[in-house]
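Listed next: structures, encoded as structure tokens.
There are two complexes below, and they share subunit A, which is joined by subunit B in the first and by subunit C in the second.
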Partner chain A sequence: MVTKKKLMDSMMKERVFDIINCLFLIIVMVVTLYPFLNVLAISLNESTDTVRGGIYVWPREFTLNNYLEIMKYDNLVTGFINSVLRTVIGTILGVFAQAMVAFTLSRADFQGRKFVSTFLVLTMYFSGGLIPGYMLIRDLGLMNSFWVYILPGLVSAFNIIIIRSFMDGLPFSLQESAKMDGANDFTIFYRIILPLCKPVLATIALFVAVGQWNSWFDTYLFNSMNENLTTLQYELMKILDNTSMGGNVDANQMRPNEQQQNQVSPESIKMAITMVTVIPIMLVYPFVQRYFIQGMTLGAVKQ
Partner chain B sequence: MANTSGKAITEMVIIKEKEKRRSFWKVFKRQKTLYMMSLPFVVWVFIFNYLPVWGWTMAFQNFRPGKSFFEQEWVGLEHFITLFTDERFFMALRNTLAMSLMGLVVGFTVPILFAVLINEVRHSFFKRTVQTVTYLPHFVSWVVVAGIVTKMLSIDGGIVNDLLLRLGVIEKPFQFMAQETWFWGIVTVSDLWKEMGWNAIIFLAAIAGLDPQLYEAAKVDGAGRLRRIWHVTLPGIRPTILVVLILNIGHLVSIGFEKQMLLGNSLVLDYSEVLDLYALNYGIGLGQFSYGTAIGIFNSVVSIILLFLANGIFKRFSNQSVM
Partner chain C sequence: MRSCYKVFSLVLLTALLSIMAACQNSKEEVTSKSEGNGPITLTVFDSDTNPDWENMESPVGQKIKEDTGITLDPEFDIEGGQTKIPLMVASGEYPDMILPKNEASTLVEAGALIDLAPLIEEHAPNIKKMLGDDINRLKWSKDDPSIYILSNNTVDEDRAHPNFGALVQHDVVRELGYPDMKTLEDLENAIREYKKLHPEINGQPTIGLTLQTDGWRLQSATLNSGFMMTGGSDDGEYFVDPETYEATLHYRRPAEKEVFRWYNTMNDEGLLDPDSFVQKHDQWLSKLSTGRALATIAPDWMIYEAQSALREAGMEERMYGMYPITLSEEYKHHAFRDNGFQVGWGIGITKDCKDPVRAIKFLDYLVKEETQVMLNWGIEGEHYEVVDGKRVIPEDVLERRNNDKNFLKETGIGYNFSRFAPRYGDGALDSTGQTYTINTREQQIANQTEIEKEVLKNYGVELWKDLYPSKDEFPVSPWGAAYNLAIPSGSKLEVNNQRMLDITFKRVPEAILAEPEKFDAIWDQFMKDLDKVGVEESEEEFTQIVKDTVELWNN
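Right, the complex of A and B next:
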């Protein structure tokens, strides 16, 4: 009798725990999703009506005008094209280069292996810092150039280690038989190893692509003078304008500038631009989530 | 006799070395494709990652762009002395340490808790949905997150002010973004919102690796949910927790400047300027390259010291090393 009561008691407790836990997690989900829904709703609302406030998760006066409107902003269109270009080019070149280096490092017979590997891994532990990096880019003549988006970050030691650890798991006999047939190392890499590495390459490609799509600071630092080289994130940053980057430099110019921006771009327009930068990620995200997590756990193990 | 044999040995060593060298070139020739596939990138990394370290010499000069290295004026530690007497530097140091410490405490403990709670969900669809939703903000840029945070906290139509007004906590809209004292908290919470789900992944993976028999045994012994979490889950993922903690401590000073730069404004500058931003303002904004570099060096040295310290403490406790 007593034990039965105890059992009931503990079952009740488990129930209560489950309910509280679920409620908590639902709240977390709402807090995570609400801002996105709010931005979406405002971006689909008539911009003059938005000023009245009170838009939460559903537009009051539905319209697509805001999206049509932002297509007239020349800088945004250029920025969008550049963002797409840097994402595509940067990802293809980056993943190819990183896979190639990883391949040479996965070859136990490669005599330069130790040297190359140490040389690369060391870069994970130090960096020259902001100013010397800036001076280097300037001295290399990469300022005001599209290639500043692609070249500096092309070889990532961290990604190379992840790809290499995947390649280490492939049987060496595959390469040996190809070698018998007279294939050189590049052919072996390109024809045999690369196709087998698809899962890990997909993961790395996604990381690189998201990084490329989301970066704005390189535009700000190196290409802000050249409108033809602007990127979507940088344009968004300028339009949202929460920054006081200059600090001592342009603290005084901040205020009028901010007001100006506000006049030019109403709330709904700002939110429409925000959506444009977020939507590509939202579209691919559900399909590739699996790869992201794979990469994350793989990277964590390697750390 | 002994002399000649000694000579012979030296000769042999020389011959062997020659052979070794010859065989090095032989192998080099045979593996030239492999070399061609990796050496260009060694040069690449040398240019983009190693050359900037040479730029550290700027901190000890009065660097003038356009002059060659040998024409620069050397000033020794002058820039560092200026640095340590500048009030703004200590302000930036305080802001950096404060925000990184808050970020460490909150951004490290909450994901552990979150992972444990997700793990307790039995309904697998619900579990997956929670994960999918909470990982999402990680993939959104800081530009967007800063925009969203500003929108949510704004005085006209921001949900936070709306809710607080309706609940009667405040009587008129509160300007969150204009309060100096709120800035550190806003940065910490924004970071938590963006990264909580993502940072929980590593702990979830660790929990998934635990032996289910441990839970069964605990259940048989009459341990409830909370007791199982406390006595099985948390001790089980202790190694993972420690590794993540050490790595976070290593990054304590190098927290970056993106969030501070994007969320800050001129009203909260005294609380938003971190070391990197300070370096950026002086180094590039005002063209004082040498001074900016000195700040960068200080930053790097402190983070290396912290990393070694944390690693040392970790070694003492667990006989393991992260580095």
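Right, the complex of A and C next:
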């Protein structure tokens, strides 16, 4: 009897825990999901109607006008292609380069390990600043070229440290045994380290990809005069700047019946732009997610 | 380990050296001044965006190219030049012409802009004719009277709409039989009576007066009403005495205390929207655009979106009319005071310019009468026709002007080119007595709703601006608009202005929301707080700036 009661008790406790847990997670979900749905609803709502307020998760007067308004701008397609290219190329090259540096730094037998690490960490605290950075890029001949999207950010100290600490957690005996089987350092890196590092590399890839996808400032600084090298975010930034207040007061002066035209308000444009920016990069998450969950090095070594 | 350090420091050193070498390798100056009218490309950096840039391919662009031989190669910035202009200064490479907005002083300090005064004197008869004595307003400062920036603002403007006033729903005045709408008392009575008659609008409780209080908007709407309703004109935080040029922080004027006391009594009577001081801009707009709020007090451009939402929804009786409400009848509404030619933002020619003479001649061409007409109306026979000596826009072109979003880009009319030089404003007349802009009186009347026409007719006028004292009743302000005067950055005055603004943002809402008997005490505290940060000293400093400006501009 006593054991049965105890069992009941623990079951009850588990139940209560589950319920509270579920409730809590549902609240968290609502809190994170609602702003997104709200933005989506506003972006799909007639903009003059949005001004009246009261749009929550469902558009009141459905329209695609806000999106059509964005699509009217030139260069959006070029920008999209370039953004995808820089994201794909930048991520692949970036992750590979960073993993390689991290691997070198994780090896105790590397002589300059401490110095290089310190040197890398320094770059996290001190940067050259905008103007020297600009002049460096200019003198390196990277202005007006696609490589300015890839090369300057290729090796990031922060990411390297993350990858390195993950590699530090891998048993060194793995490398030793490989070496005994005749593998050289490159083989070890390709065949043993990289596969084992999949979870952390997926995370870093996501960091880099999101960063590449979102960045517009480099386009603005270095490639703004070359329409063929424009990126989606820079084009959207221009649209946003143009539709927000004070953009072009004069434009209205040229239209006598200003009030009659169906003006798309900056708020709606902003929301539509947010969606255009967020959705493509969101599509990457499901592909990367499984690596997050994957077990790490369980059962690889017995010591 | 030690050898490692050595190797790295060596690498570092070489890197540094090579960077320094690269810096010294700056380009050699190429200054071959071409004469005549051969084709030439001038680069322009513009701190504003322009998605409608037409690459000089539109009819108007083609005509300009044909007449001047100049092709513009512009760069339109999205950060107001705040990033790129310092970069230009750092790298020492400038475009031929530049519109630096707020960054002009960065360029002047770097010696990047050339003095336009001799160029205008010699090569720009049209600019001289257009600006007349106002050209003095372009002088940089007392110590350096050169002209670096040619303002691209409007000249001789007679605004088509009043820009500040009390906004009252058409239905309110219509139902109450068009009462006088001149003083705060009139406004209060109208709101009270209408609210009593209609405690609900579309099923929601009626709001009497709602206020715009979101961040800086509090300043341009509610706080500015202090001087706008007591015979002051918009000079920013300081009220400037037109005779003595004595500047006073405007809240310190006794009359304004009464304006804010009025807000206080409105609150006490329950006619003021209780959310007034906690709502955001979009909440305020949503109250106006659902037609729930009977009145508000704001500049016209702030409620633009609400007006079009109401019009779109067919709630024309809930749209707002603008009335020159003052504290009492002795005050005159100064919304139409003429600030004269506004300077500050405009275009400059840099020291790297390939051909400054061609550049200034180009700007001179843009302000010429024929060009100004073309920039507003388009090409004769294509975008407008002349009937009996009057310019007329044909129906189909008008239709395109209003509804075709690509109209400006395809034709080159408007700000594609008018942004580069001073231009005639609404109401300015050309040599044939017609307006330069297409925004004529007839056009505006044609654009009114039926209810708007009815309301205006009952007040005996045709346009909202007719309710206001007109521009001719005021002398041109010899200091322009005081909020435009440059306050030296980092100066004590700048710091003090911010501190006083912080105090205002705290005390004014407190005073308005207080119980009426406490109003005086809070207002006194407000004045004392201002004294504590040295308001009188700041006023003196600002007075000096105003006086210096008047002297610089009028000599």
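One rule holds in what follows: the second predicted complex is superposed on the first by the 174 of 303 C-alpha atoms of A that agree within 3 Å, B and C clash if a C-alpha of one lies under 4 Å from a C-alpha of the other, contacts with A are read in each partner's own complex, and residues count from 1 in each chain.
Basically, a contact is a pair of C-beta atoms (placed from the backbone, for glycine too) under 8 Å apart; a residue touches a chain by one contact, two chains touch by 3 or more.
What you see is a predicted model; the values in this text were computed from it and never measured.
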After lining up the shared chain so the two structures overlap, which partner does A:G54 touch, if you call subunit B first and subunit C second: first, second, both or neither? both
Between subunit B (first) and subunit C (second), which, if any, makes contact with A:S177: first, second, both or neither? neither
Is it subunit B or subunit C that touches the larger share of residues in subunit A? B
Which holds for A:N226: it touches subunit B only (first), subunit C only (second), both, or neither? neither
First (subunit B), second (subunit C), both or neither: which does A:Q111 touch? both
After superposition on the shared chain, which partner residues are touched by A:N144: those of subunit B (first), subunit C (second), both, or neither? neither
Determine, under the contact definition given at the top, whether A:Y134 touches first (subunit B), second (subunit C), both, or neither. both
So, does A:M237 touch the first partner subunit B, the second partner subunit C, both, or neither? both
Is A:F24 touching the first partner subunit B, the second partner subunit C, both, or neither of them? first
First (subunit B), second (subunit C), both or neither: which does A:Y285 touch? first
Is there a shared patch on subunit A that both subunit B and subunit C touch, and which residues make it up? 53-54, 111-112, 115, 119, 130-131, 134-136, 221, 237, 242, 247-248, 251, 254-255, 267
Touching subunit A in the complex, subunit C uses residues 1, 4-5, 8, 19, 22-23, 48-52, 75, 78-79, 83-84, 86-87, 90-91, 282-283, 285-287, 289-290, 305-309, 311-313, 376, 398, 401-403, 405-408, 413-415, 418-419, 426, 437-439, 443-444, 446-447
Which residues of subunit A touch subunit B in their complex? 10, 13-14, 17-18, 21-22, 24-25, 28-29, 31-36, 38-39, 53-56, 97, 100-101, 103-105, 107, 109-112, 115-116, 119-120, 123, 126-136, 140, 151-152, 154-155, 157, 184-186, 189, 210, 213-217, 221, 233, 236-237, 240, 242-249, 251, 254-255, 267, 270-271, 274, 277-278, 281-282, 285-286, 289, 292-293, 296-297, 300, 303
Enumerate the contact residues on subunit B facing subunit A in the complex. 24, 27-28, 31, 33-39, 41-42, 44-56, 58, 65, 114, 117-118, 120-122, 126, 129-130, 132-137, 139-144, 146-148, 150-152, 156-157, 159, 177, 193, 196-198, 201-202, 205, 222, 224-226, 243, 247, 258, 261-266, 269, 272-273, 276-277, 279-281, 283-286, 289, 292-293, 296-297, 299-300, 304, 322
Subunit C touches which residues of subunit A in the complex? 48-49, 51-54, 72-73, 111-112, 114-115, 119, 130-131, 134-136, 138-139, 220-221, 224-225, 237-239, 241-242, 247-248, 250-251, 253-263, 265, 267
